[in-house]
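Look for subunit A in each of the two complexes below; its partner is subunit B in the first and subunit C in the second.
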Partner chain A sequence: MRDARAEVRRPIGLRLWLSGGWLSLLALAAIFAPLIAPHDPLAQDLFLGRLPPFWEDGTEPGYVLGTDSLGRDVLSRILYGARLALIVALVAGTLTCLIGATLGLVAGYYRGWCDRIISRFVDIWMAFPPVLFAILLIAVLGPGLISIIIAIVVIDWTRFARVIRAEAMSQGAMDYVASAQVAGRTQFGTMLTEILPNVLPTIVALLTLEMGIAVIVEAILSFVNLSISTDSPTWGGMIAEGRTSVHQAWWVLVFPLITLFLTVLSFSQLGEGLKDRFDPVLR
Partner chain B sequence: MMYQVTDLHLSLPDMTRKPLVGAAPRIHILKGLTFDVPKGAVLGIVGGSGSGKSTLGRAMLRLLEPTSGQIVFDGTDVSHLIEDQLRPMRRRFQMIFQDPMSSLNPRRRVGGIIAGPLRLHGMETAGKVDDALEMVGLPRSFASRYPHELSGGQRQRVGIARAIALRPDFILADEIVSGLDVSSQAQVLNLLEDLVRELGLTLAFISHDLSVIRRLCSRIIVLDQGKIVEEAPTEALFEAPKASYTRALLQAIPLPDPYQVWD
Partner chain C sequence: MTLLRTVLLRLITTLITLLGVAVIVFVVIRVVPGNPIAMMLPPGATEADILRLETQYGFDKSIPQQFVIWLGGVMQGDFGMSISTRQPVSTLVLSRLPATLELSIVALLIAVIAGGTMALLGTRFRDTKTEGLVDVTAGMALSIPDFLWGLVLILLFGVLWPIFHISGRISPSLDIDFTTNFYLFEAILRLRFDVIADLIGHMFMPAVALAIPLAAIIAQLLKQSLKETMNLDYVTLARTKGYGEGKVITSEALPNAILPTLTLVGVQFTFLIGGTVIIERLFSYEGLGNMAIDAVINRDLPLIQGIVILFALLFTLINLAVDMLYVVLNPRLRHA
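Up next is the complex of A and B:
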């Protein structure tokens, strides 16, 4: 009977496999980009400009996904672009989560003056238009990887704070919190050992979502030329360049776009998949 | 005396009527309660909804601080102790909650739920969890289950196991059978009766249902709108209720009618 229940609770999780598989593949590609990329992503060759992908006519061997107008290999640029995208997703996502979730948890559990200060701060923060805020911030800090990460954290921590605060508040009203007090647990201990495990599924779901958002924000910033310097390949930068020649060379736009799409989708599906797999409470 | 409660008043801020600026108006919930709980007694606290019986329970366990008056637990005045001073004492007075779905952390296994309080008070956990499960009539294998995998009656038994594992002197049971079906109610009440006898517990049993209280309690307090309207030994109260509110509560008990005809 126990075994039967275990099977019911642990489905194979196609969602987890597909999204996790794509992201692992991407991570490997990013780490080993110098080894597996067929060409230097920055090497220009005007004689090889706008080569189509391999199944069309007029290709050169070795340029699987074609080249852009300057003759740079699209596949190699996508592989190198994955580096930046994943670094931004991981670092910015994690930092945003840590800051936002901590503030949200404290505000939602302790309430009182602590909640009032944090909540008012979040309200004021959210009144700024986020994209303008990011552009302004990068204009001040100067473009670069660190600036992108700071911009994402600064814009998005409020999302975590809001959601986790609400979640911590509803958990704080449950009797198991009163029961922890009856048992003699300190307030801080209750927050960490009783509340946190119950908001963790929400935090993980938000974190993976945030990683997807971070990839998009990085792409948007590259698109408006505010990401890191123009010669490092980024997906957003490729999309921006591809847009100008979409009628002559659609592949320069479409391949990075598909990669971006699959990556963001995988991040959000990963969150759901992890929850299905590891959360003991069936919803 | 286990508990001596003297002229207990308690009011809480009413956040629904809080003005934009300034403090919320306070609702006076407990209005001067005085009663004793002798050691080894089983006290029933009865009242309709809103009578303040749960608030009284939470004040006795010092989850709420009284506005005025005194709560003396086993010779120690606990009315205004701060949490740090209360914590070492908390092992001695425990509580069983009304809704085990809410009072058992859904993301912890039963074993962890029972062992948690033991660890906090520096007691060894290994045998005690099994003992507690056994005393409430649950198999040991339940230690590795999550609360949502249990039935309502089993969950409430886990709540009881958690309270008795600490070997407290006093247990407050707050409407612990009101969420259960009638047969589970009877089982849980039988269990509680046995435990009180075996462990020599002092028990306060809060309920809105006098028939449930009659089984268990030697003495009954009837609360209405934050005041004690009647205090009497169980038999006396059932035979000759003095307050009109008590009579109304007694009349609300559905009696089995052997001559009933279905037509």
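Up next is the complex of A and C:
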């Protein structure tokens, strides 16, 4: 038996290495942004406006990825933008996961009136266009980091609740749960010791996915200029500016877009990879 | 449980959902700091002016009272007056709805065609490199949301190889005197090919951006159920009758494998419509979503309310329609 299981256990895989590598790099960039950023991300110099990236003609040394229309350094702004993106990913992602997964677990395991109430709320939430809901919440709460985090948690808890509820339900119907109860476990104890470990791989996969989604939501909010105060560099804000001047200075759009693209892709690939790895059936 | 009872039960839950949405929007937008009435008056307006307008829009009453008055109006098709444009919300919303519906339907068509083709190819050439390619493409397409695909498309077909319009719905220079705002459908009916070409030129990128994630989901799920069906006895029987592999897939396996995909497409179509909000903004497309963002920025409470309710109505109706379609199409439920 042991040999068979060892064979099933897969190597970490290229996917996990690449996505984990990119995210670690990004985390380092965010932490050490003040040390590695070549310029002040807010410093404007109209004489250095719209400088192209280093391989093109007419560049200025030190501005590796060029500058935007106000002469702000694109690379420095991306590095500082990573701070907000990653804070939102970690805090909003984790909070959404905790709240959503708890509600899903309770609804799926206890069923009855708990389930009916929670499911009714999920139905109502599903009838909202999420982006519009987020924008509306920010308009109500006012711009700022806390508002963004609250908006993401309020909108996305259903993503966890729906999936975990279904998983908890199918686990709850299995024999091992019944035998745990026969053996004298309380309902609550069974939920924590029997159901939770079995839905954990799904929770982990959803959590990393949610972190990617949180990064996107933050970018969308700053794209419509509703994120945090306008003078902090954000990827979404850079993209909004790049979108309007895309014919004059493509690099202002391209570099933050590539960063955002790789970050979101990494979070989702990390989730898929971790799910395979932590699946108790395969472990 | 009879069919009629199922339908009635679904209708009741749909109504409860809509009522819930209405209550939540109503309460949320009424805790907005900043007086929307004060914002719409010119500076120098007196307290009395503000009070008079507040009374006109009903903001002087308590929130439950306002809700009852608003709900009474909605029952008669009156969604109130927009604060920023001073036009009836219903007129504004209905003038923009066709643009969003056309965009969503075109996106859905693209997703179904692209996703369906990928699923069929992946099944026909299963366990080969082609299937691997389908899996990787779908996985990648699914990992990235529509907003980012929209930006990628702008760079590809707006800047690098500028063959499509990156903003707007229709060229202003174009002479159209259409009776409806369903420009695309009306242009097709009137055979106005110049208008069709212009509309497609504007709609292509936002529609593709919305379609990519859905196409990936369709490709994955349909391929999975097709492959499961391919191992069933009746499919093997069809094969022994001498049918070619392509025909076995399309005429034998597909009708049975399509049902789970259909249900999923229904739910995912509502996500796609939700995505139009930011995609319309990105492409300056004059639809409902773009208007919604402006309404939030202008703190136009009655308009926000109207748009959110309309979206919710659309979502719940689509889900209802898919559930009904499922009952009609599922042979196991047909005679129940």
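Here is the rule we use: the second predicted complex is superposed on the first by the 272 of 283 C-alpha atoms of A that agree within 3 Å, B and C clash if a C-alpha of one lies under 4 Å from a C-alpha of the other, contacts with A are read in each partner's own complex, and residues count from 1 in each chain.
In this text, a contact is a pair of C-beta atoms (placed from the backbone, for glycine too) under 8 Å apart; a residue touches a chain by one contact, two chains touch by 3 or more.
These figures come from a predicted structure and were not determined experimentally.
Undergrad: With subunit A superposed, do subunit B and subunit C clash or fit?
TA: fit
Undergrad: Counting touched residues of subunit A, say whether subunit B or subunit C comes out ahead.
TA: In the superposed model, C touches more residues of subunit A.
Undergrad: Give me the angle at the C-alpha centre of subunit A between the C-alpha centres of subunit B and subunit C, rounded to the nearest 10 degrees.
TA: Result: 90 degrees at the vertex subunit A.
Undergrad: Name the contact category of A:F128: first (subunit B only), second (subunit C only), both, or neither.
TA: In the superposed model, A:F128 contacts subunit C only, not subunit B.
Undergrad: Pick one for A:A219: touches subunit B only (first), subunit C only (second), both, or neither.
TA: second
Undergrad: In the overlaid three-chain picture, which partner chain does A:G184 touch, first (subunit B) or second (subunit C), both, or neither?
TA: In the superposition, A:G184 contacts subunit B only.
Undergrad: Considering only the touch criterion stated at the top, classify A:L137 as touching first (subunit B), second (subunit C), both, or neither.
TA: After superposition on chain A, A:L137 lies in contact with subunit C alone.
Undergrad: Is A:V88 contacted by the first partner subunit B, the second partner subunit C, both or neither?
TA: Touch status of A:V88: no partner.
Undergrad: Touch check for A:M174: first (subunit B), second (subunit C), both, or neither?
TA: After superposing on A, A:M174 lies in contact with subunit B but is clear of subunit C.
Undergrad: Now for A:H247: first (subunit B), second (subunit C), both, or neither, which partner does it touch?
TA: So A:H247 only meets subunit C here.
Undergrad: Using only CA atoms and the superposition described at the top, report the least gap between subunit B and subunit C in Å.
TA: 6
Undergrad: Quick check on the complex: what are the subunit A residues that touch subunit C?
TA: Against subunit C, the touching part of subunit A is residues 120-121, 123-124, 126-133, 135-137, 139-140, 142, 212-213, 216, 219-220, 223-224, 226, 239, 243, 246-247, 250, 253-254, 257, 260-261, 264-265, 268-269, 272.
Undergrad: Mind listing the subunit B positions that touch subunit A in their complex?
TA: Within the complex, subunit B touches subunit A at residues 58, 61, 63, 83, 86-88, 90-91, 93-95, 97-99, 102-108, 116-117, 120-121, 146, 148-149, 162, 166.
Undergrad: Write out the stretch or stretches of subunit A touching subunit B in their complex.
TA: Per the stated touch rule, the residues are 5, 174-176, 178-187, 193-194, 197-198, 200, 279-282.
Undergrad: If you look only at subunit C, which of its residues touch subunit A in the complex?
TA: Residues 13, 16-18, 20-21, 24-25, 28-29, 31-33, 139-140, 142-145, 147-148, 151-152, 154-155, 158-159, 166, 270, 273-275, 277-278, 281-282, 289, 292-293, 296-297, 299, 304, 307-308, 311-312, 315-316 of subunit C touch subunit A in their complex.
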